[in-house]
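Same chain, two partners: chain A is paired with chain B first, then with chain C.
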Partner chain A sequence: MTRPALSGRVAVALVVVGAVLMLVPLLWVLALSLKSNAELMADTHSVFNGRYTLQNYADLVGDGQVFRWIANSLIVSLGMTAGVLILSSLAGYGFARLEFPGRRLLFVIVLFGLAVPEQAVIIARHQLFSWAELHNTHGALILPGLSAPFGVFLMTQYFRAIPKEIDEAALLDNASRFTIFWKLLLPLTIPAQATLGIFTFLSAWNDYWWPLISATNKEMFTLTVGIASTQMNFAQTEGLGFLMAQAVFAGLPILIVYLLFQKYIVQAVAGAAGR
Partner chain B sequence: MAIDAPARARRRPAGWANALFVLPYLIVFVAMIVVPLAMGMWLSTTKSDLFGVEAQVGFANFTRLARDPIFLETVWNTFYFVLLTVPALTLIGLGLALVLNRPARWASVLRTIFFVSTVLSVTVVTLVWQLVFTPDGGLIAVAAEALGGSPVAFLNDQDLAMPAIAVTTIWWCIGLPMVLFLAALQQVPRDLYEAARLDNASRWKTLTRITLPSIRRTFLLVVIIEIILQFQLFGQPQLMTRGGPNNATRPIVLFIYETGWRQWELGYAAAAAQVLFAMILIAAMAQYFVASRKDDR
Partner chain C sequence: MRHACALRSVDDPLHVNYSDKNTNREDRLATVELTNISKCFGRTAVIDGLSMSLNPNEFMVFLGPSGCGKSTLLRMIAGLETVDSGEIRIGGRRVDHLPPGERGVAMVFQHYALYPHMTIRDNMAFGLRNVGVARDEIAARVAAAARSLEIEHLLERRPGQLSGGQRQRAAIARAIVKQPQVFLFDEPLSNLDASLRVRTRVELAGLHQRLGTTMIFVTHDQVEAMTLADRIVVLNDCRIEQVGTPMDIYLRPATSFVAGFVGSPRINLLPVRIEAAAEGLARATLPDGTLVQTAVPTAALPQGDTTVGLRAEHVRIASEGAAARGTARVVERLGERTLVHVELKGGAMLVAEDAGLSTVRAGDEVGLSIDGARAHLFDAAGRGHHAAG
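What follows is the complex of A and B.
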């Protein structure tokens, strides 16, 4: 029994080393963000000794543009989350419970949408938004995300799993389809709403390509695009510490949200991938 | 389902009203996916720029792609990147799941740590890793100097830039394969392990005879999901190397982006997008096929 026990301990040791490797880059960035730019320019080894300062964070707050980007990200992410939840719940109920002409075919077409990558539609989508003069608005950043078929797929599955007897009893009481949906069934889908909502929020918050090409006006940048715009001149920058403070500032809120809602986030991400 | 014909006919009007529930989504779906998809296919057969379609060129864009050395290089780069990342992500993810699939507190802390990078955006991730790789006081450079080595400019080296981006990506994405494997391990029936224990099977035997065969389907799914995800590589090279040095890190998606939004050759970019779409579609079909075989784990 000694050999397996030893191999088990080696495996655990390896995993611990891996965990340290996961954290070291983050701690490195945190350390640099606490050093003054001048000191870093002179000697990066000073990370390990010398004075730490919150000056970079003070500059960041004074600068203010980061708050504008955070506000944009919040508006877009919350808007997209609300939209996806509403559209997916309605459509999920329709596909799972109601009869209408072409229902089966439409559902298959929507499922096919799961296989369409962003790259296949983004050029024409960008053209359409140009023609409609919608670029550089919050609506333009929200709208494409509302079409993601994953939510419809998830909600349809979820509504199907709810016993039909519930609706049938209510139908006998002459309740309308919408009342059944709204009063009876929707409250039962809250776990699925949480999963879908968290997943949508996270993907909207971290979305990069579409905001990069749609929001070209600095005022309309989301946080992701804003942070990207500041690192374009990474090699020449004289404000390494400032850049790092920005990275910490951008990463921290989502990390805190992650630590608070870890269980749901992991569930949502895994669920979306393994659909 | 056993509704007789007259009853069904009487329900017709209500049937159309029922469609109102799916209508809002379908409108967005058509406007944001169906129309752009069709329009993209049509664009790929045209010569188009910012101001509109100049000419119908049939399949000329595709024959041009087949002969474009830069495009072919991006295809190769993309496959190379997938080869660097997908096996590593799958095997490391599996290893982590096997070690961390236990109720202990420390295991839960480690699971949290390995998933933490997944929630970061690509721009934060690339910022962090540029600071790890940069020869001017980057983490690796500082560590190398402390050990008597000399700093290496990973991102400016034609042979090292793509592996560096792969390492960044593995760090960023390792959480997903780990949790997919963890979920699968939770599904393995307990009585199988019970039986193995009664048979005095070694840990190694339990692993190779029970655990691994039980999660075969998940293994395949993780590989396919990661192929689809990593095939769409874009932000990391766009932000860390801009496709350089000498095109060594330019993947297909970056080619589409630059052709479309730097050179404004929309028709040509759309054609490249169709090629990528076809490749991803094949992988997605494979995923659907594997995922729908539910009975066979």
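What follows is the complex of A and C.
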């Protein structure tokens, strides 16, 4: 066996082990969701034997609250994703292509945003949204996420990588600035848009802290906050199967997004590793 | 002008009904005039008070080394760079204040600059759609240009699916459909391999004959310049060294820079002592003491350091009647001729020419016959002085 073939097999083996380690908790959640709460209260080992049931999912569908939370999560995640894509693209184009006074300084200030943790601004943000009476609205959950320095940075770099000759050829083709942006450059940034969109959607869907603070009305809970709210002190023993069914349900949109955009996610991660 | 002006006829593959403002044939016989053009990047002057004019239908080549300002000049004509001072007129119309799309020019870029996400058809149609050309006419122009450049079968492909040569043809076709007054080419052949470059060069010359449009071509490749140009503008260090026909540039270089830049192998430039000889012609003494009787009148030659310019074809390997002797150091066999790098007594090097089947080997003692009548002299300021006539 040649050396590269050996190292290749070792690498595959390591990847398989890693995949199994990742999959086991997910399969465990799935298995628990298919067991009755009563059985699980007695012993979680019963997951390996006995009767499996879809009762938890039936209960879940019967509980309209969950769908409200899913709708909230979708509105917030899609709204934030659309907003981040629009603003980051416009800002990225501006930083990459337009000459204006203070451009570099402004870009540096945007990059500083990458270094500011959410925890540092949460109180001020909470007060601001209280003052503006925005808490318990979808806007309150979307707006903070629109400040996306990483998105601006990513799009700026992507626009910069597009040869300026494209713009120049378009200028000679009588294209306006907007036409150049909309019809020529923006379509060329689709891979970056996809990457940014996926990561924004995933982080918005999984966000817990800010929705927990801002959304105090149960009707405005996102899925993460809603599921957490159903965990009473003894949730682990009293309704574990139902809880796991909720978790599986909550994870489905993420799984769909991943399956649909797997290519872009892999490209994004590979690109980040390559830089 | 070398290329005959080809008048359009109805059976011309590019003959279509022109409706936009720059497409009358008379409009397309455009002059280009540059008057006192200057351009600085920061404090660095890249073009300094440059003036020149192009005749209608002329194929003008801007030739010069990297950084000489030739691409900047082209980009100023295109409107992609602003002009700090001076005027640019195309077809008599002042254009230096107009945006690129309104100047009546089309440009072919070094890296093609095709829109990667569009098909070649859409690439070609994009500019016409932006100015509201009717759909039927766009289709007709695209078809005619594609037929002319033999890329009809590529129209539905994207640039990424084409080879370098095909992309270049598509870029040229995109320029053609606009039916501009002036074509601008920014080193369009530099990304092609050697054989494709030669082929495309010939095709460009044919295209110029067919279209009969004023063309400006930027290159640092003297062979491209010599083979394509009606006239060449040699640029160096932000200014014009010489404007002339290719043979003018080659036979009567205005400066030692032009002499050194144009011609392969590079012209031999050696410091000489000058003395007046019979009939008022200068006689030059090479560093090894060899006397070369030139045909350059001494009257116009200023005092001071002088350099002689001898092209390799005027310095021949000679077994008899040799004017100078030296040692062959390098022998380059090119097939139809052989170039011999000869070290003269005292260490000066000279490139001489010999027959293709030369028997000279490195290390051989060789004799040289020098055609002094074809020699050029350059004064201390680098200005060229040539045989009268």
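Here is the rule we go by: the second predicted complex is superposed on the first by the 227 of 275 C-alpha atoms of A that agree within 3 Å, B and C clash if a C-alpha of one lies under 4 Å from a C-alpha of the other, contacts with A are read in each partner's own complex, and residues count from 1 in each chain.
The criterion applied here is as follows: a residue touches a chain if its C-beta (ideal position, glycine included) is under 8 Å from a C-beta of that chain, and two chains touch if they have at least 3 such contacts.
What you see is a predicted model; the values in this text were computed from it and never measured.
*Asks:* Considering only the touch criterion stated at the top, classify A:Val116 as touching first (chain B), second (chain C), both, or neither.
*Replies:* Touch status of A:Val116: first partner only.
*Asks:* Look at A:Leu188 in the shared chain and tell me whether it touches chain B only, chain C only, both, or neither; answer first, second, both or neither.
*Replies:* A:Leu188 contacts chain C only, not chain B.
*Asks:* Residues of chain A touched: more by chain B or chain C?
*Replies:* So, of the two partners, B touches more residues of chain A.
*Asks:* Name the contact category of A:Gly62: first (chain B only), second (chain C only), both, or neither.
*Replies:* It touches nothing on chain B or chain C.
*Asks:* So, does A:Thr224 touch the first partner chain B, the second partner chain C, both, or neither?
*Replies:* In the superposed model, A:Thr224 contacts chain B only, not chain C.
*Asks:* Now for A:Val24: first (chain B), second (chain C), both, or neither, which partner does it touch?
*Replies:* In the superposition, A:Val24 touches chain B alone.
*Asks:* Contacts for A:Ala270 in the overlay, against chain B (first) and chain C (second): which applies, first, second, both or neither?
*Replies:* In the superposition, A:Ala270 touches chain B alone.
*Asks:* Of all the chain A residues, which ones make contact with chain B and with chain C?
*Replies:* Looking at chain A, the two contact sets are disjoint.
*Asks:* Taking the touch rule as given, give the residues of chain B at its contact with chain A in the complex, in rising order.
*Replies:* 11, 15-22, 24-26, 28-29, 31-33, 35-37, 39-40, 43, 92, 95-96, 98-100, 110, 112-124, 126-132, 134, 136-137, 139, 142, 171, 174-176, 179-180, 183, 202-204, 221, 225, 228, 232, 234-235, 239, 253, 256-257, 260-261, 266, 269-270, 273-274, 276-277, 280-281, 284-285, 288, 291
*Asks:* Enumerate the contact residues on chain A facing chain C in the complex.
*Replies:* On the chain A side, the touching residues are 163, 165-166, 168-175, 179, 184, 187-188.
*Asks:* In the complex formed with chain A, which residues of chain C make contact?
*Replies:* 78-80, 99-102, 105-107, 109-111, 113-117, 126-127, 130-131, 174, 178
*Asks:* Would you mind writing out the residues of chain A in touch with chain B in their complex?
*Replies:* On the chain A side, the touching residues are 4, 7-8, 11-12, 14-16, 18-19, 21-26, 28-29, 32, 40, 43-45, 47, 86-88, 90-91, 93-95, 98-101, 103, 106, 110, 113-128, 143-144, 146-147, 149, 152, 177, 181, 202, 205-206, 208-209, 213, 223-225, 227-228, 231-232, 234-235, 240, 243-244, 246-247, 250-251, 254-255, 257-259, 262, 265-266, 269-270, 273-275.
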